[in-house]
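Below you'll find the structure, written out as C-alpha cells, and then a few comments.
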Amino acid sequence: MTEFMQYFANGLVNGGIYAIVAIGFITIYSVSKVINMAQGEFLMLGGMITVALIGMELPYGVAALVAILAVTLLGIFLQKYIIANVKKANAISLIILTIGFSTLLQGAASLTWGKDAFSLPPITNSAPLSIAGVNIAMQSVWILGTVLIILVFLWFLMSKTMLGKKITACSINPMAAKLMGISPVKMSMIAFGISGATGAIAGIVIAPLSVTSYDVGVLLGIKGFSAAILGGLGNPIGAAVAAFLIGILESFGAGYISSGMKDAFAFLILIAVLIMKPSGLFGERSVGKGGL
Amino acid sequence: MTMLLDIRGLSRDFGGVKAVSEVDFHMNTGEILALIGPNGAGKSTVLNMISGVIPPSSGEISFENQPMLQVAGHAYASLGITRTFQNLQTFDDMTVVENVMVGMHSKGKSSLFACGIKLPTARKEEKEMREQALKWLDLVGLPDISSRLAGSLPYGKLRLMEIARAMVSGPKLLLLDEPAAGLNHTETAEMSRLFKEIRKSGTAILLVEHDMDMIMQVADRIVVLDQGKKIAEGTPQEIQENKSVIAAYLGEEEEELVKG
Amino acid sequence: MKVINKWGKGFFLYLFLVLIFPFLPIDEYYRSVAIIIGFHSIVTIGLCLLMGQAGQISLGQAAFFGLGAYTSAVVTAKYGLSPMIGLLIAMIIPAVFAYVLGRAIAGLQGYYLAMATLAFGFIVQIGITEWESVTGGANGMINIPQIAFFGESELRMYYLVWALVTCVLVFSLSLLHSRVGRAFRAIHKSEVAATSMGINVRSFKLSAFIISGIFAGLAGGLYAHFMGILDPQPFGLHESIKFLTMVVIGGMTSIWGALIGAVVINAISEILTVLREYIPFLHGDVDTIVFGGILVLIVMFMPEGLVPKSAAFLQSMKMKKKAARGEEDDQSMERKATT
C-alpha cells in the first residue's frame, strides 16, 4: 500500500508538469490553430537558462525571472517573426516549421551547454515530507503548488478579464473579432507569450527534482500533447485532468511493469486515444486539421 | 423510360436546423432534371446527399432500385453516379489530361505493384484511360491543352474540365452543382449545348443551377425547393406559370430590395 | 520506358554519375558516404510518396528503418538465414507494422497523424531497447553478416545499394504517373473529390503507408548488413526528423527531390564534420541546428523545395529565351516538375 501511494504521489507530480505543457499547447492552439511542437523546448530552456545564470553567480530568484522573461520573448518571437510569415500555412507545413524550430533550439542548447545533465538546487532545502510512510520531496509540493497557481491564473485570465475575452473571441471567430477591433495576430502573440512563460516556469520547478539537459523537452512536449488530446484540444480543464491521469498511469506502469517501458505507456495511451476517440475523453469539436 | 433515381422523404438537419425536409422526387434514365430554388433552399445539400458526400438524417435514396444509403462513398462512381462541385475541386498540380484520367479511376484495376513495375496490363489500361480522357476533352471543347497544368487554366475551362472528368467513366447519372456559375454568355451557351450532347449519349443529368435561361432551355423537368421543402415539380412551362414558385422567388427579390 | 523518355537526359545523367562515382579520384571514405546516401534515398523516396504525394505526414519513419535493420540482423545473425532472405523479411515486417498502424490511424489528419506516428516511432525504439534477449538491448548487436553480392566488398555493396535505389526510384516515378499515383495526388488535394471519383481514400492512404514502410525496411536491412553492428540509438526521433528534412529540402512533391535532399543533407553533414576540425567551437550538435534551421527557412521562404523550384526557374529561363527569339510555344506551360 505504501508502494502504491508512493507511485501515486510520483505520478501526481509528473502529471502536474504534463498539465502545464498541455495547457501551453491549448492556449496557442485555441487562438492560432497551431500546434507548437517546440512547446517542450520552452521547458528545457526555462530550466537550462536558470541553471546557466545561477552558474554566473546570479541569485536563484533573479535567474528564474530572467529565464521566464527570455522564454516568453522567444515565444513571441516564434509567432511574430516566424509563424506569422509563413505563406499558405497548412497543418503539415506548420508541423514541419515548429519541429524545425524545436530541433534548432535543441541544437543551440547542446552547442551552448553541452550534452551533460544539470541539476538545480531545490527551491527550499528542507527534509522530505513523510505522510503515512510515503516520502514526498518538498520540491514536489512546490511543483504541485505552482501547477495549481498557473491553472488558477490561466482560468482567471481567460474567463474573468477583458484580455481573456478577446482571446476567446479570436479563437471562436477570428473574422468577427477582427471586425470588433481585436487583432488576432496580437492575441496569437500573447498566447505564445503565455505558453512560453508557463512552460519556462514548469521547466524551472521540475529541474531540481529530475535533472535537466538539452533534450528533456522532447518527451515532456509529447506527453503534454498526449494530455491535451486526451482531454480534448479545446478544453483546458479536461487536459489538466488527463495530464494527471497520464502521469499516474505512467508511474504505475513504471513501478509495477517495467521502468524502461515508462515512456512507452504514455505513447500507447496517446495512440489508443487517437484511434478510439480522436475528439478526446472530454469532447472537442476540432478534428486536428490545423492551418491558419 | 425507366426509373433511375428515386428519392423519398429525404431530410437533413445541421445542428437542429432543417436544411432539407421530406423531399421526394424521381429521375428517369437519360433525362435532364433541374433542381432550382432561392439561395439557401437546400439544393446543394440534396445533391451532396445523392452523391454520398453527406448522409441524410432520414429518408431513402435508391438508384436503379438499389438502396444507396449503405453504399460507401467511393463506390458511387463505379455504380454510375459522378458529380462536379460548386466550388471547383480540380487537381491544380496535375495536367488537364491527368485530371480527367482521375475520373477513370473506378474503371481501372491495376494494383500499386502493377503500376510501379509497369506490367503490360497496367500499361494497356493507362493507354486506354488516356485515350478516353483525350476523347472527352475533345468532346467538351478542350482539345490541345491536355498537357497544361490545371492550375494555369481560366475558370471557364476548369468547369468544362470537371465535366469531362465526371463523364469520362461513362456514368448513368451526372450531378452538376452550379456548372454555369461564373461563366459568361458564350461559355454558358457552350455549356447548354454540351448538356444536350451528354443527354444524347444516354446519361441523365441532375442540374443545380441559378441561370434560369439555361434551365428553361435544357431541362426536361424541374423540381423547385424553398426553405428545404419541395414546393413544385413539372415541365419548364408549368414551373414558369406556378404561383408558389413565383412567390418564392419574388419573396427573395423583395428581401433583397429591403436589404439593398 | 516512358518515365525514362520523359526524363531523358536527367535520368541518364543520374545513371552516369552513379556508375562512375566509385572511380572518381577521391578518398575511399566517400564511397561509404555514398552508400549511406543510398540507404537514406530509399527511405526518403518512400517518405516522399507518403508525404508529398498522398499528403500524409510521418514523424516516425526511422522506426520502420530500425524495424528493417533489426529484423534482417536478427534473422541472419541469430538464425543463420542468408542476408538476401533477411532483406526480404526486412521488407515484410515493417510492411506488417505499417499495415497495422495505418489501419488504426488512416482516419487521422494533420497534427493528430503527426503525433500518432511520432509516438509510434518512440514505442518502436523503446521496444527495440527493452527486448534485450533478441535485440541485445541498448548494447546492440554485433557480427551481422555482410551481403554477398558476387562477393563481399565495399565496391560491390555500393553497386548493390545504388541498383536498389534505382529500382525504387523507377518504381516510384512509374507509380506517380499511373492510376495509383494519381489517386495519391487526388487524395492530397481533396478527399471529397477523390472519393466522388471512386477512390477509396482510406485504402490508398494505407497503401502509401505500407509502401513507405517497405522502402524504409529495405533500407534498414541494407544498413544493418553494411554496418555489421547495430544499436537502437540511430532509429529515433532525431533520425526521423533528418529524413523529414531531406524530403522537405528536396521538395515534397518531387521523387527526384527526395533523392537530391538525401544527397544535400549528407553533404552538409560531411562539410560540417570537416569544418569541425578547424573550428573547435562547432562541437556537439551543429548538425541539429543546421537541420532545424533548414526546416524553418524552407517552410518560410521556399516551401516547394529545391527541385521544383529550380525546375520552375529553368522553365522560366527557357521561356525568356524563346520569347527573345520571338517564338510562340504552347508547350511552354507544360508541366515538368511534378515528378
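Letters A, B and C name the chains as they come in the text, with residue numbers starting at 1 for each one.
The definition used in the following text is that a residue touches a chain if its C-beta (ideal position, glycine included) is under 8 Å from a C-beta of that chain, and two chains touch if they have at least 3 such contacts.
Nothing here was measured: the structure is a model prediction, and the numbers come from that model.
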Listing by label each chain that touches chain B and chain C gives none
Taking all protein C-alpha atoms shown, work out their mean, then name the chain whose own C-alpha mean is nearest to it.
C
Would you mind pulling out the distance in Å between where the CA atoms of chain B average out and where those of chain C do?
40
Using Cα averages as centroids, what's the distance between chain A and chain C in whole Å?
32
Chain centres from averaged Cα atoms put chain A and chain B apart, in whole Å, by 49
Touching residues (chain side chain A, partner chain C) in the complex:
35, 37, 82, 85-88, 90-93, 95-97, 99-108, 110-111, 114-115, 214, 218, 222, 225-226, 229, 258, 260-261, 263-264, 267-268, 270-271, 274-275, 278, 287-291
Chain B contacts chain C in the complex at 51-53, 72-78, 82-83, 85, 89-95, 98, 101-106, 108, 110-112, 115-118, 122, 125-126, 129, 144, 147-149, 152, 165, 169
If we count contacts the way the header does, which residues on chain C are in touch with chain B in the complex?
1, 171-172, 174-175, 177-183, 185-186, 189-190, 192-201, 207, 211, 253, 330-331, 333-335, 338
Any idea which chain C residues touch chain A in the complex?
51, 55, 57, 59, 104-105, 107-116, 118-120, 122-123, 126-127, 129-130, 237, 241, 244-245, 248, 282-296, 298-300, 303
